[in-house]
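Take a look at the structures listed below.
Note that chain A is present in both complexes that follow, paired respectively with chain B and with chain C.
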Partner chain A sequence: MSGLSRDHVRTMMGEVLAAQGKQLPADDSTRLDGIGFRSLDFSELALRVEDELDTELNFDAPELRSVETVGDVLDFIDQLQPTA
Partner chain B sequence: MSDPVSTQDPIPAASCVLITGGTKGLGLELVRDTLQRGAKVATFSRKLTPEIEQLQQEYDGRLFAAPVDINDQDGVKRFFKDASAVLGPIDSLVNNAAMGQDSMHLHTSPEQIARIVQTNLTAPLVLTRAFIRHAMAKTGRGRIVMITSVCAQRGYSGLVTYAATKGGLDAAMRTLAREMHGRFLVNSVAPGFFASDMSSVLGTEQLSTIARRTPSGRMVTPANIAPVVRSLLFDDTNLNGQVITIDGGSSI
Partner chain C sequence: MSAPCGAGNRIVTTGYVGTWADLPAWPDLPAAAAVLAEDNTDAVRAVWQHVMDGDRETLISTARRVDATQAEGFRSAGLAVAQGDRVEAPSTEHAVDAGRLWLLTSGSTGRPKQVAHTLDSLTTVSGEQPSRTWLCPYATGAYAWWQVVSLSLALPGQDIVFIEPDQIDSWPQLAMEHGVTAASGTPTFWRQAMWRSGATVAQLPLEQITLGGEPVDQGILDRLREVFPAARISWIYASSEAGAAIAVHDGRAGFPRAWLDRETPERPTLRVEGDELVIASPHAAEGMPSLIHTGDRVELSDDRVAIVGRLASDEINVGGSKASGSSVRRRLLDHPDVVWAAVRGRKAPLVGQVVVADVVLAGDATVTTGDLTSWCAEQLPDYAVPRRVRVLPEIPIKESLKSDV
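Presenting the complex of A and B:
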């Protein structure tokens, strides 16, 4: 099974924010607290990715604590996805 | 049928206590404290530690420790046999061994939920049954302490299944206290967060937030909990069917 591309996940992240009337900046180093992307928004994104992959991506909360920027979110989703 | 023990003497102080998960953290503190109080102790966990081996040397003949997984029913049965062959009948139980959790419910796999329920609820209930059967036959009366958690009373994110198991043990504790009328004193001790392997997933920032928000001004330590468990095991307080919360007041 192949995972979703970083660009694809970025688009989905934009959709999660857009549903709340917020925008995803182009810069990966943007801090999440600055754009109002909270931990349940991350959960929503992870569930959307799961839906597309048709597989569960379970993880523990401490792993999420170091996620601070847009780039961190994309990296985290990337390493959660099963490798091809 | 008249019950010969329904109206008389208090349930005696513990003399031989099984403390599950006594090799580190709170369990180790409880093993030390119970030995210092003069009782014999049996304990197990999956792996023995240098600390418990050291205590075995210090308290030769009064401390029995062996590697057992609480989920291994046959292993637990064997442990009861081996421990009581060395120490004599076991009359009290502290259900301390447990595993932690730090994952949101929606991201916790069904397999992990099952593992937590098995280790923290099913296995302690099965072990408590084995203990009561042993103690009823050998000594007739005794004391049981469940180590639960403030999480069973207040919501903490990341601990859904863990909280459910601790709430389940509190509920079982009350029912058992009534069911074992005049035979066993059964209570729970529910600590707030304290530093241990289990809580090591909490960052220093989270730990200092907990300390700051605690009305007593400091987090709980195993040394705060030991005297309360000691009292439930040894004193004639007539406390029964209660949850005693030790959290510096953070849940008030």
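Presenting the complex of A and C:
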């Protein structure tokens, strides 16, 4: 199974925000609290990734402590994906 | 035994058209038997044999609902298992419980359980009734199926047209051919009928429309009223355990709050404990506690009690916030382009569960899933807004006529 590209996940992240009338900035260093991307949005993004990959992602709140920016989200999803 | 008052009523199945009284006898059927019916023709023969002999003990179910383990359970409980010409003897001795009718529960929370009734406990309509030809689309042997069957046996002028599961898409044409004037089905059944064959359904001369088996919402009642302005539209709350407990004919969802805690001889008493409907019913199956905790969730308003869904599944815990699946479903169904909706919790990382929905849209709908999310967000708290909305090509309906997807 191949994973999703960073760009693809970025597009999905944009869709999560767009459904709430928000926009995803192009700058990966944008802070999540600045654009209103909350834990429920993170869960939705994970479900979108699960549906695309047809596999379940498992992670918990403590693992997200260091996730503060858009780029952190993309990195985090990237490392969760199956590699082969 | 003398024939019941409805012996001359006409019944129609895929294999029989005639009166109850003219049904071919089934004399070889063992006195205590579980009849695993291939179709309604088998089932009505077993019913008639049970009624006329008077000293039988009978369970009737579709063969499809009963697996080998459950059939073995029937045998070890003293029932022969009859399927077509094949009869397997019981594996233990058993004194026939004369007149006993066993029903299987819907099995929505596991394997169907046996509940004990008699024809008397299943017969809940009495007195003079207008002559009708009933459509019976319910699963063979289910409580709702028995409600139509017992009505036809008890009262003259109550004919029945039985529908097999593979006829569920063509029932409006069959109903037209056989002059159906009354029909009973779940809200999902009616939604599917209006969505797939609305024009044909609208031509039926229906005088009585009955809904039951699932929570009944105002939307489907209003839609049916629009199409059948002169029909009597009723919804019934019934289960194989509690029996028929609530019948509402005023065209509104829910029942009057004044009915709560009212004790009338021979009538069910309705209570609310927490947000659960609790019933004490003279029509309950034998062996039930005097107060039956139904597991159904209610919502109280000033003058009404709405039955909204199952307690076990209605509450969706989203990161510690409690979303009500039925409230979300109601909001989706309020959208003019949504003809059917189901809402559930889906396991999700971080928050435990999120709300997700399946919908079926009207044929000419242009609404997008994003539009539906926004529609929900206008009235629901953030945690209750469906995070994934899937558009299904058609309304899913099970043999139970429910759509608990």
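By definition in this document, the second predicted complex is superposed on the first by the 84 of 84 C-alpha atoms of A that agree within 3 Å, B and C clash if a C-alpha of one lies under 4 Å from a C-alpha of the other, contacts with A are read in each partner's own complex, and residues count from 1 in each chain.
We take it that a contact is a pair of C-beta atoms (placed from the backbone, for glycine too) under 8 Å apart; a residue touches a chain by one contact, two chains touch by 3 or more.
Since the structure is predicted, the reported quantities are computational estimates derived from the model, not experimental observations.
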After lining up the shared chain so the two structures overlap, which partner does A:S43 touch, if you call chain B first and chain C second: first, second, both or neither? both
Let me test your reading of the model: by the given contact rule, A:Q20 touches which partner, first (chain B), second (chain C), both or neither? second
Once the structures are superposed on A, label A:D60 by its partner contacts, choosing first (chain B), second (chain C), both or neither. both
Looking at chain A, does chain C or chain B touch more of its residues? C
Residue overlap on chain A between the chain B interface and the chain C interface 39, 43, 46-47, 56-61
Which stretch or stretches of chain A touch chain B in the complex? 39, 43, 46-47, 56-62, 65
Residues of chain C defined as touching chain A within the complex: 318-319, 346-351, 354, 356, 370, 373-374, 377, 382-383, 387-388
Chain A contact footprint on chain B (complex, rising order): 102-104, 106-109, 112, 157-158, 201, 203
What part of chain A is in contact with chain C in the complex they form? 18-21, 39-40, 42-44, 46-48, 51, 56-61, 64
